[in-house]
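Here's a structure for you.
Order of writing sets the labels: A, B, C, D, E, F, G and H. Residues in every chain begin at 1.
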């Protein structure tokens, strides 16, 4: 199915946010996820199944002043 | 001399030099700099993960003992600033937020009013808000009323190393603000950081001048010492300038 | 960072803050100040003993580990300066002498030419000569040729705390002198001492600003840290000032 | 040199020194000062008539050829500023208004945001708006969008005579604003007014330094000449500063 | 305001801007500049005639009404300065001589002592001596005793346009010298010339900033106006700076 | 009758704004009148009769920077 | 005969300083002459005959600050 | 006998410089003596007898910058 991640289209198999992040190796500290424009708390990642057309924003900290 | 602690919100700091993670040639220099400077709080920014490349996590380079101060860089208005702040908190690094709303892309000057609006919203949501602003007393008072934990006036445009160009307006803030005044941006030399502390600033935030020095650890230590020196001099009460000379040796002729 | 020692004649110093014994409210504050600042050389003056009153000997307050730099204060011409220097050496405190010839009693400005003449004579007699002068490159070169061990330009009139008023002339000395340049007189704040070191000065001599502070020990420490900070920054290579801003956070919008 | 006129709205000015009517020891000095300085626009304030005493009408001391720029002094928020502006216009002295909203009574610093709000309202009503503000580029751009005819940043707090303390922020305004930039407040010496014009300011407004001088007419003329000198130098293109010297006489030895 | 004339020796000047003939792109610009500025004295140098090429005579470009001030540029010691002075006088342009002895070829700083020696000799021979020196009060007093007609301290190295870098030392000269103090060298902007006059300088000598401007005549006029403005302000007694603000409009609220 | 002028109570006979200003000698250039919190144009002064309890604000220009 | 003028050797016929200057077109205002290291006043130029080995310095004003 | 010490006349009994200094309690470090305008080294104090009309300068270090 098709979803949008950080602005880019992507095709994935049905899975939870956790599954997706694990696959991408993005489970580290400081990673934040917006699912369809709503922040999803880390504790709830496992429970959220991604669906066709969903929008994901995956963010983390970078150097800044 | 008895202990001299800086209190911001319910936090206390012994070291009055705050630092930033921007523009290090290598992330590995960050922990060295923190070690050398003893800085107890450091800023970070928030951006989309680059799914293509395997980028290291900057948090891995910041000891747990150092507080994280996420900024809202990239925000062009109060709405974006508020959104970034909420996401940053969700990242699990606490309630601190440095509000940075920039519309001018040449001098990177903050939009004071958008910053005030974001401060009002975020303070209500329990954030410990550090607004980065043009030095402006009437605005600073509104920020205090809006619940800001401190005020962060710029000394000169970000990254210019020009120092306390806004000196007189910052002096007015220091004299009149109830919350701590932290001089942020533009400070390029330890002597400038020391001067800010001698004026009575509560702390100084230095990023570029340290991270882009040839030896960031040494420069971090230099700034840290200069900040302590300026603070110590402020507490030890310096004498005023005098128009004419005052002899340090007896004024009499040698055999008078 | 490897060791950074200051060499003057055949002496070496780790601490680049030199101090003075003038104007302490109590002599007992001197050892405390030396302890706190770590200063390795301190100035003293020479005068007739007051036979009436039992005055304590200032040398009892200066640890043997600290070098004595007697000055020729009170001298109004080169002859008196030479005479005082010879007496000072006879006192058994070594060959160091700070030449100070002052004719102007309001601003206490040194007479450069008389100082040059005294330097020529005393250097020939084996003194290690520290001439206190108006910052003046042509004269400084003549002092070097006359055998001066260092040059001590004033930053501002003695005791004014006005800092580096002669900054541009001192920068020229630093750039062109072969012997160490020690900024003396007028420095009132640690930030000014740090600025002198950032410019590349080899050392700074501070008396009034420390001895007349409410807490001389704390102020001495503050100056010492500021001098180290400025020196460290000089060695760590600071960046130039820039006219326009340089972002410390990514310049992209938050979600761009 | 061909004519160099300042255009503000649909007005044109030959003289770039604007003046004020505050603090003259005697109203009779105002026309003398205007005559001597050639100033083409002068500020006035609005207050309740004192029914008790027979006070003279200040307008009787201002030649018809000089434009009146009423200010909104006394306003503590945008509402009061708007009310005062409307009354001032009703007085039949035209559509010009200097918006001055002050909440800080010690440094008399303007409230930038209230000034912006008042500017939006009054510009819509056809006023030619001169907002008096803290130098702040993002705000200045909002003022331009709101229809301000010019921007009047302060050089230093009103009446301090400290000059261009906000120099670097004003330079940024001059570089980026589309409407004329008029430096207002704090200018105490002709050299400071000249410096503002050399930076590229479009005009300067001086009140206190002229009206409280021992000889206001002479001082008005001095400021007027300095403003012209600075403008002329700006147009005649000055050379940059140079680090090292550049000989003005042939560098060869006399007989080489 | 009654006449304000500058007296030097037995000469009097109405215009306090002195100029120089160095570095004009074309000699034809010199009379235009003199016309526009109204300068009453201008410097010239002396060199071997180039027998090869037919060079025009600079004197043909200087109106008889303007005094010539030959300098001793090229002199590297007092002997050469004295020789050049005698030759200059023989040229039949009067007894005025600006002594310029330069040993440092990078910053072109004058040798104060050699200048003093040349002054002693030439004053005895009836010259009207203008010594160009580093600002140095003890030396200036010796120059006065040697018969100097004025003292010409530098504001910054020749041709740098950096202005009054030696400000505090020049202020001390102005306060203490009996002969006129003429600020020479380094002045790059009219505002700097005005500032020198506001300090109480008797005159200013500007060459490079005028001759190398795109429009020397306009710049000459700008400097002349700035010098008059600064002088006028000095005579009209400016007010001191004040730490806090002083209202120029009534401080009462609008309807209080 | 009683009216308030510039914040102070005053007792006057019935009259127009113009009459009042003429009596006070305040007809010069630059005088502005608010009657019951509304600006009254100079041209309309003559037509406005003052009534019991009215509020007048009479303003003019003073020195200011 | 050979003389030195402004540091350079020159060969000329016997003549006075005036003759030499006239030939060179250097009689204008502000020209100064040193003959064998002594200044010669303008009035005396005519009377001084140049001789073998003489040294002449001919100077004039140029632009300077 | 009469001598001058630090500019002031004093009457003392015949004695050496050392004797005089001991009596005055001035034997500490950093004390320097000029006897009749010549510096006398510490080692030689004992050997110098003071005579009628002698001039002594006794100096020591004080605070100075």
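Everything that follows uses one rule, which is that a contact is a pair of C-beta atoms (placed from the backbone, for glycine too) under 8 Å apart; a residue touches a chain by one contact, two chains touch by 3 or more.
Please read these numbers as outputs of a predicted model, since none were measured by experiment.
Asks: Treat touching chains as neighbours and tell me the shortest step distance from subunit F to subunit G.
Replies: 2
Asks: What chains, if any, are shared contacts of subunit B and subunit F?
Replies: D
Asks: Which of A-B, C-H or B-H has the same interface as E-F, meaning more than half of the contact pairs match by residue number?
Replies: B-H
Asks: Just the number, please: Cα centre separation of subunit D and subunit F in whole Å.
Replies: A distance of 33 Å separates the two centres.
Asks: I'd like to verify one number: the distance from the centre of subunit A to the centre of subunit D, where each centre is the average of its C-alpha atoms, in whole angstrom.
Replies: 56
Asks: Take the average of all CA coordinates in subunit A, do the same for subunit C, and state the distance between these two points in whole angstrom.
Replies: 63
Asks: Out of subunit F, which residues touch more than one other chain, so two or more?
Replies: In subunit F, residues 7, 57, 62-65 touch at least two other chains, as defined above.
Asks: Scan subunit C for residues touching two or more other chains and write them down.
Replies: 20, 22-23, 45-48, 71, 73, 106-107, 109, 157-158, 162, 207-208, 211, 247-250, 255
Asks: Return all touching chain pairs.
Replies: Pairs of chains that touch one another: A-B, A-C, B-C, B-D, B-H, C-E, C-H, D-E, D-F, D-G, E-F, E-G.
Asks: Under the definition above, what is the set of subunit C residues touching subunit H in their complex?
Replies: Subunit C residues touching subunit H: 20-24, 27, 43-49, 51, 54-55, 57-60, 68, 70-71, 73, 86-88, 90-93, 158, 185, 205, 207-208, 211.
Asks: Which stretch or stretches of subunit C touch subunit E in the complex?
Replies: Contact set of subunit C toward subunit E: 103-104, 106-107, 109-113, 116, 134, 136-139, 141-142, 156-157, 162, 165-169, 172, 176.
Asks: Quick check: in the complex, which residue numbers of subunit E touch subunit F?
Replies: Those in contact with subunit F are residues 247-250, 255.
Asks: Give the list of subunit A residues in touch with subunit B in this complex.
Replies: For this pair, the touching residues of subunit A are 5-8, 24-26, 28-32, 34, 39, 41-42, 57-65.
Asks: Taking the touch rule as given, give the residues of subunit H at its contact with subunit B in the complex, in rising order.
Replies: Touch list, subunit H to subunit B: 7, 57, 62-65.
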